[in-house]
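Take a look at the following structure, please.
Labels run A, B and C following the written order; every chain starts at residue 1.
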């Protein structure tokens, strides 16, 4: 009975580790669908809309399954301290991941509603830049889970300003060209800007939740 | 591969079972022998006592004193002397024994206890003939006669005090065991409620140990009544005694009377009914002890405090 | 929490309405919980650099804990780390152990409990104790409760005091018809509540409890815990427990002890003293974290 000499809860530990690995898996699944959605939209490939939609089904299934696992552990193990923080953060991260997956689907749905996408090169490039930046921010979130690095969450808000700027410039561009684009397309582009901005925000939230797991505080708090 | 379990495997080794049976028979016969001996004693006692009671003139059982060879079998003489001596013994032993027990169980440091307890147990092992001699040569001249100058050298007082000294260790050790058997938890509960040591001893430990303490007292009383040697030597039991309730006079107890008759120290063992009277007194003694034991058993059962 | 949800489901009578501010107000039986204590309660017991020795054996090293009025303070830690030793030093029960020695100071309302003029008997009347194993006296239920007041020469109506104490210990209804029966006829959980009634009958200020529920089943345990919440309104409670969930559920502040084996002696010491909510969500010390998350080997 000496302190620190053995890990008493191998089984529990590996369960927690599995949850973390699954979060990374789920994140990766969502991420590749987000990337794909960005390409489908900016390169105007309506034939791949269905693929993006279908890819969200296993994401939702995995989300439901993981959430149930976390609930089970909460009920059976009565976790405290960092374990508790991790599991509570996991439920939040799961929500962020699932929402992000839905947003990817929303992006391709917006494409489906339009007859075609405007050919203006500047708009194309603005959308694809935003899509990439957003995916990059989201990636930072997944990275944070994988490495349990609290620093990512601490700097995330700042890092996310890039996405915000790109969203703002897309909005500006659309506003300037609204007559040529027509109301419907303009609204769709606004929407899509908003979706990518949200995805990046989810990435920020994920990273910040990881910071909470490690430091017991959200960045910017106290 | 696990071997199949057969009924024979469960039957056990016949040799071992035979041995067990033999051992059981051995112990059972030992038990039977002791019961048989008790019954024989009873039968002998009752037979001779009956012979005595059916032949004796009843008037001679209530006279002025116990002089069996002259045909005076005053039973009250013996009973008064027995009661008196046992009473004096208890008056000495109860406070002294219980005090010692309380001290040992509750107050004494472990170190003090380590040498006190064996010393007291040693005292319990002193042969009563030694104590009888001591009562005669020390208690009587140095104590009784000094306090009461008119007292003769042989007195029931001296014998009673001797008996008291004899049974004190018995009361002390048995009561102490009973008190120590009271769980420490009860003492802690008492102290935790703001009781001091004396309250804890009086209100918690003694009541909880009561059945054991009472048992020790009854045991001591039996021992006092049954004690022979001290009274034989110190109470002046030469041949007979007048009926008296004065402790500063000689007296004869039931045990001393039996001893005197049986050893023939009154020179005329077997003459007249004197010899049979021995059995009658013996039966009386036996009955008294029996009553005391059953009272004690009932008491212990009634007030047993389980913890 | 589950409890609240269920009550809300079951009790349709629980009024639930939008108030003027537009938020939903739920009223109903208010459940007192460990909650977050504020720091407004007075510190009435101060353990200041307390050391406990048994002969040459240094059992506890320099423990400093402020204990606040009307709070529940839990002492947790691995076996042998000195929780009971510290608890016993608070009401000088250690005096009963020949070899025990307490150093440092324990101030109670500012008075050093180990001062030369302090009578431990008086200390124990104000700082009562409940033990791990229920230990009623082999006497009647009534006599058990009246024992303390009687020896303290209580002048009031004893029947009323016995009833009041049993009520506070949530035992009255179960025993009111058999006050003259032996306490040994009660179940373990009832016996423990009797011991609590007995302890509070002397009107102590502080009640010390050394693993009071460790020999009880979960329901009896919860009952004792519920009781502690009620008692908290009036008494200051210090509880030793091996059950971390219990410490988490009932206490306002928690002290975590550990043993240090470096010097060849197994000396216990205080690792962390925090609000319970903090200690169980974000302990300051990694040793605490290891222990409460069960990674202590």
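The definition used in the following text is that a contact is a pair of C-beta atoms (placed from the backbone, for glycine too) under 8 Å apart; a residue touches a chain by one contact, two chains touch by 3 or more.
On a predicted model such as this, the values are computed, not experimentally measured, just so you know.
Each chain gets a centre from its C-alpha atoms; the one nearest the centre of all protein C-alpha atoms is C.
Using CA-based centroids throughout, the chain positioned farthest away from chain A is B. Per-chain CA centroids place chain A at a distance of 48 Å from chain C. For this pair, chain A with chain B, the centres built from the Cα atoms lie 93 Å apart.
Inter-chain spacing, taken between the CA centroids of chain B and chain C, is 51 Å.
Considering their complex, residues 109-110, 183, 185-196, 199, 203-204, 207-208, 305-307 of chain B touch chain C. Partner chain C is touched in their complex by these residues of chain A: 1-9, 12-13, 78-85, 216. The touching residues of chain C, counted against chain A in their complex, run 78-80, 244-245, 248, 258-259, 261, 280-283, 287-297.
For chain C in complex with chain B, the touching residues are 91, 93, 96, 98, 121-122, 124-125, 128-129, 131, 133, 135-139, 147-148, 151-152, 184, 195, 198-199, 202.
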